[in-house]
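You will see two complexes here that share subunit A, one where it goes with subunit B and one where it goes with subunit C.
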Partner chain A sequence: MQEDYINIILADDDADDRLFFTDAFEELKINTRVKTFNDGVYLMDYLNTENCVLPNVLFLDLNMPRKSGLECLRELKKFDKFNDIAIAIYSTSASEEDIEKTFIMGANIYIKKPNDFKTLKKVLQEVVTINWQYYTNGLNKDNFLLRL
Partner chain B sequence: MKLHLKFDFNALCRKVLDEKLLEHNIKHKVVGFGEVELLEKLSEDRLQKLSDDLNEYCIEIVENQKSILVQKIKDAITDMVFNDDANINVKASAYLSDALGHSYGYLSNLFSEVTHTSIENFIILQKIEYTKQLIINENLSLTEIAFKLNYSSVAHLSTQFKNTTGITPSAFQRIITKRRELNLNQTN
Partner chain C sequence: MPARIFKKSWLIKSIFFISAFIILVIGGTTYKKIEDLSQSSALLTQTYKVNVELEKIFSHLKDAETGQRGFIITNDPIYLDPYNVGRENINSSYAELKVLGKDNIALQNNLRELNILIDKRMEYFEKAFRFSSVGNYNDENFKENFYNGKKLMDTIRVKIKGMIDSENELLRKRQQTYESNLKVTPMFLYMVLLLSLVLMFITYSKIIRDLKKIKAANEQLEIFKESTKQSEIIGQQGNWIWDIEESAFTYSDNLYRLLGEEPQSFTPTLDNFLNFVHPEDVEKLQKDVDKMMINEDLPFIYYRIIQKNGTIRHFKACAKLHRNLDGKKQLLGITTDITNEIEHFKTLEERNLELERNNKELSAFNYVASHDLQEPLRKIQTFLSRLEDKESSKLSETGILYIDRIKNAATRMRLLIDDLLQFSRTNKSDKAFELVDINILLENAKQDLAELISEENAIITSNKLPTINVIPFQIQQLFSNLISNSLKYKSKDRIPEIRIVYSKIKASEEPQISNPKKPYYHKITFTDNGIGFDNEYAENIFVLFNRLHNKDEYSGTGIGLSICKKIVENHQGFIFGSGKPNAGATFTIYLPFI
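Coming up: the complex of A and B.
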């Protein structure tokens, strides 16, 4: 009686990145449903809609117009209803400062955007499988940190 | 006098299922032949009653044997990792095939098929989870943890931690401590 697909959301203002992202998931063996938003405002509007399907994993680009990934993260952490979402920062930056800061603010995963499609697929596969382990095995999500 | 009957088995089964589920007050959707989607979570108890009732009509709920066995593998691994008294000198493969009565090759293939990860990876993941708990809750040093979890050296544990999580054990500890401070400040 468990659900056999994983809900994924990505908020990223770069159209190419969004396309690569959805393509990569289509090629993975794991069943996923992927939704994308063009910026943080659209994303938060959706998540705050009543009865919307909350994602299992939410990927946030850090630099987005109108509302940045950091601002989204800060808002998400204020409400208990978002507690079950694993938050993945998906950014071109790999500065130690950004990484540690977002982890402290409550992100679970930090991914530096890979430069090629093959690596992207590998990385996303790893995120989803590890997250799946946390999700299905009742592991303590507060201790879930992953950097790729 | 003789009556000649024609059955639509598909519709018949649907109708029986529908009625039975309604009788049990279970919100549901009959998806297709041999598949019903329950729109609510059922307790073991209610599921058993439903199963008994359906059995009268020769309808059997097929439990997924594979996922049951996978769950058993996981339980055995968790037990092995988290239970200090478990015999840690036994190899994981021997331990599992002994505990579950199947060959390790079979268990390993099944596990990968269902969970998208391997038994080896799952054991490592559990060990690292345990390490995280010990770091945070019991304030053990990495040397103590390596000894407790039967690692050959601290370096081995440290490398495995970094490979699994992408961060070092000390960075992990720093992040969790700061995160707790931040949460405390926000609630005050």
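Coming up: the complex of A and C.
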């Protein structure tokens, strides 16, 4: 049953962004199961519970209270069991600094939150349907930031 | 120069010793010569005396003979007196001669022989008397005796004559020596005196010359001393000398002044100096001084002193080892009052801190602008797009128009925020300069604008650009801003054309450049055929948010050219704009040629 769905998790403290995110997936014709968490602490608590369903793609907002996206990323990279999760940074800004840092820390893609809903849908479809195995092999600093 | 004079002093010393030696020699020789002279004259007198005595002896003998003859003839004892007296006189003369001839071996031998002859003669006299007392004058013996006496007398005469002759010979020789002595001695003395005079003159002129040099050197030293005094006062410096071997200090006048005291008002000792030192610094300074005494060197040290009126001053001191002319070790030290420098430094540091704080605030503000302003704007835009997609059918035409207006405003706001962000990110700190072929950067810029360029059918021509040390992405940004600026302000009547021309120029030949930092610059011009502008605004166009046109006519935030200016200034370059309304604009960039 698991194979039929793409499991997606978003950790973002912004309610509007969570709404756009879930709305976008609802409109997309892809079999996805979307879970959202309000911050990094909730996210890590969930991921660390036994027998939880690990997501295929994890969207991480960087700027979150209590535990930031960077901290989550650091923790995730410590454990082998999270190795298969594709991590997409999902942030308002795309500053050189943040891009560089998250790339070095092992995130798979960097997404700048789009300004309109159509683009958001396009971006999310793109990211969710990427063949991560293949994509990660050709990953470098230049194509790390998703451009559409 | 003084060192050279002192080195020459060995010459003077040796001349002095030679002169002294010569004078000693003259003295010695003169003494010797005078001694010789007086000896020669003594010898002369002696020879004369010897001759006189010899003559006397012979005459006494003759007297004795005469007396004897008289007695024999007359038999009157009165004639015996000369004989008796003669005998005594001969003895005394003989004794005299013995004394005179004590140094003359030949004379002594002759005297001894003469004595024997005289004795024999006397014997004959005695015998003759014996015969005469008997009155037997015809006796054969008496005749023989008398004859022998006469013969002996002849021998004596010959002997004495020989002696006088040899004495005369001696006299002659002595006279000769005496005369030659008399002749040579003054000549010799005169020559030697002359020589010593010459030497003295050389020494004298040498000393005079050296004195002149020393005087000149002294004058220079005096001037130097005076200027040192002045510079000490102006430079707030004090000098001190530490004679290592004698462990004695000398302070310059100004060192006392730096301590707030009258010059030379206390004994310059270490303890007296330490009295002025700030209590917190005494221990450290003492350590430094101890180290200085061991190492015989003093690197820069810093400490504070308290003047008697309570003022705290900051001092800096250092010293170097020096050997004086006597080869004694001295530590020459300089102490500087650096209170003013330290105060300046403190103000500078405070200002720097303030600037840093301001910069931090600015970048914090930039972050706020980038993040916190963008987020609500993004929401507005996203919700607007949701509204358009889902609810537009339910809206009136006016409603749709309003939504359109909101959308435009939001887009414009986004543009502003993006440009502002770009502007604030355009600083050079932590951006690395790289040696790059800027042809590639121009190509990249054109690539970025490819869509716009092809839309406008714009023609961009450029000649070969150089390879320069730049912050690559900023130069690319500069090119892309300039090109998009030209395309934005294109003329509606013409196909946009941009000509990019490069040349290497001399800063002095370019009147636009004031205060160039480098002698040569790379000059790159961007000339377009757009709407241009009045040169009145040539400077305004680079001011942030400054726009020449209504935003409905030409979209623009008034930031693009400000970014260009900032980028060029980051590269220590210059950018100028000039235009002609409805003909075009030219932007000239100068980048330093390194």
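The rule we apply is simple: the second predicted complex is superposed on the first by the 128 of 148 C-alpha atoms of A that agree within 3 Å, B and C clash if a C-alpha of one lies under 4 Å from a C-alpha of the other, contacts with A are read in each partner's own complex, and residues count from 1 in each chain.
Assume a residue touches a chain if its C-beta (ideal position, glycine included) is under 8 Å from a C-beta of that chain, and two chains touch if they have at least 3 such contacts.
Given the structure is predicted, the values throughout are model-derived calculations rather than measurements.
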item: Touching partner for A:Asp14 - first (subunit B), second (subunit C), both, neither; value: second
item: Contacts of A:Met105 with subunit B and subunit C, given as first, second, both or neither; value: first
item: Subunit B versus subunit C as contact partner of A:Phe117, first or second or both or neither; value: second
item: Which of subunit B and subunit C A:Leu146 touches, first, second, both or neither; value: first
item: Touching partner for A:Asn83 - first (subunit B), second (subunit C), both, neither; value: neither
item: Subunit B versus subunit C as contact partner of A:Ile130, first or second or both or neither; value: first
item: Subunit B versus subunit C as contact partner of A:Asn31, first or second or both or neither; value: neither
item: Touched subunit A residues, subunit B compared with subunit C; value: B
item: Shared subunit A surface residues [contacts with subunit B and with subunit C]; value: none
item: Complex contacts: residues of subunit B adjacent to subunit A; value: 38, 41-42, 74, 78, 115-117, 122, 125, 129, 132-133, 136, 165-167, 171-172, 174-176, 178-179, 182
item: Subunit A partner contacts - residues on subunit C that touch it in the complex; value: 370-371, 374-375, 377-379, 381-386, 389, 414
item: Subunit C-facing residues of subunit A, complex; value: 14, 16, 20, 23, 63, 92-93, 95, 113-118, 120
item: Subunit B-facing residues of subunit A, complex; value: 1, 29-30, 100, 103-106, 110, 129-130, 132-133, 136-137, 139-140, 142-143, 145-148
